[in-house]
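What follows is a pair of complexes built around chain A, which joins chain B in one and chain C in the other.
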Partner chain A sequence: MHSLAGIIYDFLVARFGRSDLLDPLFGLAGYLIPCFVVLGVVSTISGLLTYFERKVSADIQNRIGPNRVGPYGIFQFVVDGIKLFLKEDIIPDAADKFLFRLAPYIVFSSTILAAIVIPFGGPFIIADLNIGLIFIIVVSSLVVVGFLMSGWASNNKWALLGGIRSAAQIISYEIPAAFSLLTVVLIAGTFSMQEIVMKQGPWPWNWFLFHNPFTFIAFFIFVISGLAEINRLPFDFPEAESELVSGYNTEYSGMRFGVFFLAEFANIFVSASIAAAVFLGGGNIGLDPYKSGIVYQLLMVLVFFAKVLTLCLVTIWVRWSLPRLRIDQMMSMCWKYFIPISFSCLGLTAVWLLIFNGNGIFWRISG
Partner chain B sequence: MAHFLTEEMILNMGPHHPSTHGVLRFILQTDGEMMRRAVPDIGFLHRGIEKIAELVPYQSFMPFTDRIDYLASACCNLGYAVTVERLAGIEIPEKADYLRIIAAELTRIGSHLIGLGALLLDLGAVTPFVHALRERETFNDLMEALCGARLTHNYVRIGGVSHDEPPSFREKTRKFIDHIENEFIDEFNELASFNTIFINRMVNVGVISPEQAIEHCLVGPNLRGSGVKYDVRKNDPYSIYDRLDFDVPVGHGKFGTLGDCYDRYWVRVEEVRESCRIIRQALDQMPESGAIRTKLTRAFKPPKGEIYVRTECPRGEMGFYLISDGGASPYRLKIRTGSFTSMAIISEVSQGVMVADLVAIIGSFDIVAPEVDR
Partner chain C sequence: MTNEGVRYFKNIREAILTTAKGMKITLKYWVKEPAITIEYPDRLGKGRTAEDLVSERYRGFLKLDPSKCIGCLQCMRACPIDCILIKVEKIGEERYLTRFDVDQSKCMYCGLCVEVCPTGAITFSKRFEGACYDIGELCIKHLQEPVSVARPKAKKKEE
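And then the complex of A and B:
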């Protein structure tokens, strides 16, 4: 199986020679190096996303946005991070101190775990698990544990309400999101993220988005449930600023708050990457990701990030133009509309594949 | 584990809460997200303005009226000035009257911009608030040109106004109201008012029937939102409002029930248009030159007597009840404000709604905390 870990292992073995002593070390390095690289990359990207969000929101609101630190204020997020590090870290007296400390890292790690199976284009995927999509669905619901934990441990009623809201919301929206991802699995016949990308093509009519009308609907259901799962407006109930003060992270300060913040933006990136990889062809430019040259591989990465950035832009755009729904409206939207629609999309896609022998709509049109 | 015990939770909303618009406190009894009751607890911003009035000369009290409702200081100035003038029988120059009306109506636009924007901010939409603030900036510039202050104007004085119009004030004001009327309101409606999520949040929430509104002494846009056509500027004209032609917008259940949050919101949007109409007429009718202030004696003492004068502020009827014993300062001054009366009905309309709805209800009343307590 191709994976970054295997490539690094092969490289190390070729460089230092095979020996029983070093072999486990090489294996470990093959997994650890990409992990740290991805941790760094995802953190940097989410930092840059905060800058991106501030600039886009400034543009929407006729403001200038950050422009002091570095050219066009691009290093603003670094300074923000330093500021959060230097802040006093307060833990309320009545809080459950262990859970209070633990919660932000659970939220953050569940996000980063999902990044393990994201195909960044070309060979750049840490572990091309054969259960990739299932893995994403599983680890992304882990976030709930962190949110509930922080809400409960804070010993604050607003935080508790935020935690409960997030549990209700994320668990509900997990279902339509999973169903719409499964629609693609039906077509691709695999859970592996890399293979899902490879089964699509470089052009829009090769994407699973336009495979049949039901995947088209499923894509939008996934994007909207994705918004709900990552607590972005119009679904930012767990931290609804004007209702719950700041929701589950009311009592957090300093770097622990920073980790929550980072996790939120990492979530945007991860959610956009899944949508890009599964529905929009990911980094597929019509070449084999493992056998083509480094230039083509980097081009794949570029294509992937272009798609992800577009989706991130949409997320931010929605955030700054819509008001928030009410919690009961949000729940009824999920249970009354999204789950039936996504479920019927799944079923109808199966019927479509049966009738048209597994071919997409453009194959039908072109004959 | 025999059974789950559910009990009501007492939530303390405020005095420092992002959506209470200042220092206000609500004691919420909730069952999870559902609310049993919300009891307003007022008094955090009491500054004893009514008592101060008894201690300072009549003219010196004017800056304190700015602080009754800091978002609409010119309207409060006007109310107090009209009260004292009626008691003392002071005639004021015609031009001063027009300048007062222009300042008051500009202030009404500025105040409603904040009110509408803040309501949307409470519902999670940040951008409309920023756009409204951008327009308010122009209003601030206009008032700064007119009287030098941007927030607490202290523009209207007993016997007239403090400054004459600066050069090119009329053109700038015309440009501003043209922009508001023809461009901004449409843009704002497209961005916020007709947004489906926003409409769903606002309709059929916090419904107040006309009878209920009158029973609770609601005033201003909150009363008119329930469909009662009552505006002090029309029903009991003061200053020169009887010379100007304008409509009184009332709620009619635009998207839902009569008297819901959306109706109160929509009345304010319509009122901005009406204010633009008033300003345009006042600018046309205003004399080119003339005196702007009747000179008062340094130790101004109105005759003995008492008077109650109502004026229409952005948050509704503002009444000044003034008793004079012939001295240099009022014997007693009672101020009646719109926000205070709307606080009383909140505990009634907030029964059985969700916590998120309470935010919408408070926002739709456009409560300004210092006006509640004075």
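And then the complex of A and C:
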């Protein structure tokens, strides 16, 4: 009920009156309108992230980056999108045409689905599911289906290798990511994203990041395995340019490739916003998100996006700093280091909560 | 603790430290170092031209100073690929340069003509932008009308 869908539903009922005929329509509108808005917002943000990626990489390499389209080249991503629309859309003769067409949309929709339970600060969450965190974990592993599908349907050995690698990688890194999110669930006692945000506070010592040393470690494990799950460097094995031409999307062209590209950058945003909401307090500024005024609610959104943008920039910064690992190093990193560490973090957090009666390391300050 | 166990924690420590080191370097370049890109064709900055970008002794298109040329044809003979064509005609007592063509599409910028020129009439300019729609445009005719050849010794006598 406490979500954007619920608020719109209440508004429509108050405006047009309650009736059995219109009731399902109101419910549908309540979910569809914010869904489309979030789709637009996430697509725009991922477009902007491609711009930031190019600009940051240019800054790191002492270049200038895109600066021709609009002020400081800010509309470069729009022009890139138009270019991709105008390109010829090629489907290889030997490809499995149905799966080939379907795959990009599965990848993109599984990314956008996770955005349903992301609390954008204040009351701006499409649906505050009481299994929100589990929903994110489940939905984000759906990407594998799309990657494998595109790799198999392309009928191309590079694409197939890329698809298989991404399956191996994403499934492996699901485990430490889920464990590190579970440490927070132990403290918060709920899976609902909005409640997890509300249980934290506005100041750093209220965040779950600094609740105890083990959540601190869990945060970094989540961020790094998030990098692996969204196929970013230093874990970009599925599309390693120097090994597989372009990985699972080798055979794609035109807007189908554009959809893959968009999904990749939307993934950065989604992963960063999960980390921001779960560990960094999300859009919490110490006020009730539902009862405070619209100005405070927008301030919450601003705080949330500031945190997310910082994490996104860190993701990009990591990409332009670190070289790609070897594939056996990637696997041993997951199975020999991350899984034991995240599992012990989970156990030790439980012990901590037992010993200190559920209080964090800064519980005296945070009161 | 066994050797394996020690190595396990050493690996973790090393991974964190080396990653931090690498990230610090890129952060320095990100925040501090300015861009060194030259935006070549259209945003070179005020008063700068493409010729200013190249070094002092750059070998660009060949340049002719007709007032210095004595019409000795040494550059024409020195050219290994015959891209220089000079015609000297005698009209009355005066010798005139009627043609001085350099085919820049053939020129390999070896500099033999510049070395051999006794008066320094043919030199390298800094011009390097030779893109054009027809290869004939690169055959540069340095003389539009006949010019009398320079006679440095004769001039000295008059003085």
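By our rule, the second predicted complex is superposed on the first by the 363 of 367 C-alpha atoms of A that agree within 3 Å, B and C clash if a C-alpha of one lies under 4 Å from a C-alpha of the other, contacts with A are read in each partner's own complex, and residues count from 1 in each chain.
Here is the rule we use: a residue touches a chain if its C-beta (ideal position, glycine included) is under 8 Å from a C-beta of that chain, and two chains touch if they have at least 3 such contacts.
What you see is a predicted model; the values in this text were computed from it and never measured.
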| item | value |
| --- | --- |
| Which superposed partner A:Asp328 touches (first chain B, second chain C, both, neither) | first |
| Partner chain in contact with A:Trp320 - chain B first, chain C second, else both or neither | both |
| Contacts of A:Gly293 with chain B and chain C, given as first, second, both or neither | neither |
| Which superposed partner A:Ile64 touches (first chain B, second chain C, both, neither) | second |
| Which superposed partner A:Val56 touches (first chain B, second chain C, both, neither) | second |
| Touched partner set for A:Gly17, first chain B, second chain C, both or neither | neither |
| Partner chain(s) touched by A:Tyr337 [first = chain B, second = chain C, both, neither] | second |
| Where chain A meets both chain C and chain B, residue numbers | 60-63, 320-322 |
| Residues of chain A touching chain C in the complex | 56, 58-64, 317-318, 320-322, 336-337 |
| Contact set on chain C toward chain A in their complex | 8, 11-12, 19, 22-23, 25-27, 29-30, 33-37, 39 |
| Touch list for chain A against partner chain B, complex | 57, 60-63, 157-158, 161, 164-165, 233-234, 236, 240-245, 320-329 |
| Complex contacts: residues of chain B adjacent to chain A | 9, 11-12, 17-19, 32-33, 120-127, 130-131, 134, 191-192, 195, 197-198, 200-201, 354-357, 359 |
